[in-house]
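Note that chain A is present in both complexes that follow, paired respectively with chain B and with chain C.
Moving on, here comes the complex of A and B:
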């Protein structure tokens, strides 16, 4: 009898303390996630109302893979951004961290300055960059013209190629400080005596870094690559606002900077209200994220052997 | 010789830092000029029109967005911390059969991209009649796997079990042990999570733009978006709006950078 009530006691408190978390998790994440999937099997359009909603099976998914060129274009754009900016961020982050690691006095100052872009409201960043790269009033053209590097203003946001460059520059500008910070923290876990021993044994700096230091940075690099892929597929705020000026097309010239999240958001909530189709798009993006990060982590882990 | 080498290290760092801050300088400068001056490219040095630009923005109702963002972010953060602290306490102090499984589940769920639930969540909020209220922006922070992970890691290393045991022997109830013993021991972790969740809530754009259509309910990011159409011809006013939207946060975070940087780095390095 006594042991039974003791057992009850043991269960009661952890359940009570965990309840708010799991109730919220279920109500505000699990349920809407399942509900999204259910919606994706219907032809629900907000304008038409819930009454005319019909179950259409996998028709939305079939349409995405057979007819929706714009979705694949947005997916391709997202990929092409990631393939360029992730290596820049990884290598740049490591290089800057290695440099800053040696400077003990100014470390905090440089860290703080460089993390500022990372904590700035993303929407504001998009708008700031749309001002800076504006064709007629932007500071970038202004400086380039004044220094004589160019003869006439470049229409940065008006051409697909340069618009993409601006988006990539924006992402690197925003995130480099974060990568620097993470690698700086990771460098402090590398035991210094091993590095010194390698130097004494005649290894040069380059060898010491790749053979001794880098293996310690490996797990964190894997983490950063995977989280960058996951967040890369959700890229939205900055490019969305970058092209919010007056008469720009959504996603920039020739939709060259439309990301898959932008496509999802626009077709579900803005220019059309096809909830059913939008839900199918978001599930497709989700599956692609799973597949891509699965493949990437396989590749990275195979290299390790 | 060594000094020379050090200054060589500084050059690339200084260059990157300069690029990091130039856009902020540019917004402040824009905020101090009128449209004509900006068109003539006179914004490399500060101008004198700051007050009139600020007046335009305040008359346009920008302070209201500020208030909405501020209280939504505060409530979200408090809710998130209360829920996360309780869950962390359960996972740290009690030994029960499913503990490992539940911890593992929470860590894994951190990797699931939040966008997958967005559409269903918006419709759910619509069905509950919560469109154009701030509740959806708060609820979304109630279960934050990252906060639970971060706080319980901290609790494991800084809350001695002997302290909990002796409090119980002294007749302290479970709830009081939690509030009076455990919570004070993890204050640094609370500080870090407070800053991070506040920041994420403050910056959030996608979620509010699906549930808010009434401009009186807008938060700062939505307010910034409306600027693009509201002041198409007034570049100075746009600059001023961006400046007051962005700079106070940056100053607060720069002052608290010690905790904040630690929080960002710790999550990643341990994970």
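Moving on, here comes the complex of A and C:
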């Protein structure tokens, strides 16, 4: 028999152990989230000081949706990146995983090689790519010139279309290893007896993959698509660093690589100091992520039904 | 009894006076910011900065005078200044005691409520102690002096003597200056050089290098009230950019890129913009050959020289020891001792007095420039003729937008100056919606 005070103590222990998490969660997530929404309803400009901060209601949001063409341009850029690189990553990840899955001796080696870019710091990647794709001294142009594929160097980072291609290539190169790892793990959950049974019934490799393996990978694919959309809207480091030298312009030529996060950062901390407007931009991006993720999730789940 | 008391009082007073004289170094008026500090003064100053060479040079010299003063230095990218300061203010965290401000974002940074006015009590800085062209760059919109330039940053043109002799027929400074009184003359000759070299030698590394000068020459403000004077102040710069591009006067190197830095050690560009800091930062590290050959020269740029870059140091409102901070700022920027220390690394302080007191401090040569006295040229010729463009709150946005348009011009040979101006206006209307763009 336990005493009453002992029972009381039993009740307190979980609270005590869970408290640090909830306190931290409240302090570092809930409070900043609510506070930044409040900021988004003000005209707070750090140059003017907090004392002159005024409540302006939804004026910042109205300005975003009625006047701010640059925000929509950045949003369009972000969407166009995602529409191209997410399918490449998903299909490339599956294809690589299937190829490596059956390897016995060299699988770990190839796995490591593919994962290395993923664990490399984005700063280094941005710098390396800006060197590689430099108009006059970059290794890419040098190789293309030496092999005779081009007659004069391509200004990869100086023209909107090629700059976008470089950003997409960079993102795919960096993240493919992660998708590969996830799909390799997922492939190990596909029951081999079902695949063998299909083979015995006369199914070829393609049919086995398409009818058995692929459906088993669907939950993982849904997870990867949704997380890719969320991280896609947060794309910042790589394109920012690619054009980070002193004379470069924000978002590259014609702002073709300016993502919505870059726009948020610039309008809040770089070009202007309007924290209120910046908070409204970040909340708008947050709502867009929520809506897009919800729509994509519904579409995928409906297909599954 | 009274006599004894008097005697004791006199003795006591004498002893006190003697002690104060003997230990005079520890007695100073804390409110008097005009005098120096006791040499055993103890204190710590914090700084966030990006110029390690300047920091090490000046603090080392300061520590020779005040060995008990400590410095806590946090490296910071100069492009992050505005963000770091404003987030520290918004979050209520500590600012550095000595706050730095780079020219690029200074107009905005100076509007932050964080600066001590150095022209007011108790500092009482007389801004006339500093070279005239810097005055407008040290003051915010309310007229407060928020900082003093660490060093002078006048800029002319550096040129490769060997290439100039080969392609322009002379390496004589005066003759070259006479050859290029205007940008038009520079463009005309640049086209000839390109042709003569078979497309391998250019006048400058990139259009942005020419633009750096063209935009700053004339000293016209880009903004007046709520009007951006785009056509009035920037049309010429875009027209010249088109001509520079069409005549192959400039190479296609992106300024500040690795290829651009490396170009200082190559034999493909005759000229390069050259501020005081360009010698130690751009030329010396990238052109090892130049030390032996001394193949660089410094001359006046076509249509005038400019003030290029610059960093001020000021005192933040949250500084814990403002007396010490002011002593350091004075030492680093206004004193002859500070100027002496800076002379060892080829920099010049922004105050006039050190060079009046010790004219030899204005002399400085570099093996890369042979016998030429760079100090004399920078201080004696370039500084007096600079027409500095006044700072405006949104200059950084205009500057960045100009870079966007210049990149487009550089990459599209069909783009005219008119197209460029239209793009510039469109972009500015989008980014600075509160202004009228003319």
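Rule of thumb we're sticking to: the second predicted complex is superposed on the first by the 298 of 305 C-alpha atoms of A that agree within 3 Å, B and C clash if a C-alpha of one lies under 4 Å from a C-alpha of the other, contacts with A are read in each partner's own complex, and residues count from 1 in each chain.
Here, contacts are C-beta pairs under 8 Å (C-beta built on N, C-alpha and C of every residue); 3 or more make two chains touch, one makes a residue touch a chain.
It should be emphasised that the depicted structure is a prediction, and the values quoted were computed from it without experimental measurement.
In the three-chain model built by superposing on chain A, chain B clashes with chain C. Contacts of A:116 after superposition on the shared chain: chain B is touched, whereas chain C is not. In the superposition on chain A, contact is made by A:155 with chain C only, not with chain B.
Of the two partner chains placed around the shared chain by superposition, chain B is the only one that A:36 touches, whereas chain C remains out of contact. With both structures placed on the common chain, the touch criterion links A:255 to chain C but leaves chain B unconnected.
Contact with both chain B and chain C is seen for A:269 once the two complexes are overlaid on the shared chain. Of the two partner chains, chain B and chain C are each touched by A:131. When both complexes are overlaid on chain A, the residue A:223 reaches chain B alone and has no touch with chain C. In the superposed pair of complexes, A:49 makes contact with chain C only, with no contact to chain B.
In the superposition on chain A, contact of A:285 is made with chain B only, not with chain C.
More residues of chain A lie in touch with B than with the remaining chain of the pair chain B and chain C.
Of all the stretches 1-9, 19-27, 73-81 or 289-297 given for chain C, the clashing one with respect to chain B is 73-81.
Once the two complexes are overlaid on chain A, the chain A residues touched by chain B in the first and by chain C in the second are 131, 136-137, 245-246, 269, 275. Across the complex, chain B meets chain A through its residues 6, 9-10, 12-13, 16-17, 19-21, 23-24, 26-27, 30, 38-39, 41, 43-44, 82-84, 86-87, 89-91, 94, 96, 99, 102, 109, 111, 113-124, 139-140, 142-143, 148, 174, 178, 199, 202-203, 205-206, 209-210, 220-221, 224-225, 227-229, 232, 235, 238-239, 242, 245-246, 249-250, 253-254, 257-258, 260-261, 264-266, 268-269, 271.
On the side of chain C, the complex with chain A involves touching residues 79, 82-83, 86-87, 89-90, 108, 111-113, 208, 251-259, 262, 396-397, 400-401, 403-404, 407-408, 410-411, 430-431, 433. Interface of chain A with chain C (complex): residues 46-47, 49-50, 67, 69-70, 130-131, 134-137, 155, 158-159, 245-250, 253-255, 269-273, 275. The part of chain A that touches chain B in the complex is made up of residues 10-11, 13-14, 16-18, 20-22, 24-25, 27-29, 31-39, 95-96, 99-100, 102-103, 106, 108, 110-117, 119-125, 127-129, 131-132, 136-137, 139, 142, 146, 173, 176-178, 181-182, 184-186, 189, 220, 223-224, 226-227, 230-231, 233-234, 236-237, 241, 244-246, 261, 264-265, 268-269, 275, 278-279, 282-283, 285-286, 289.
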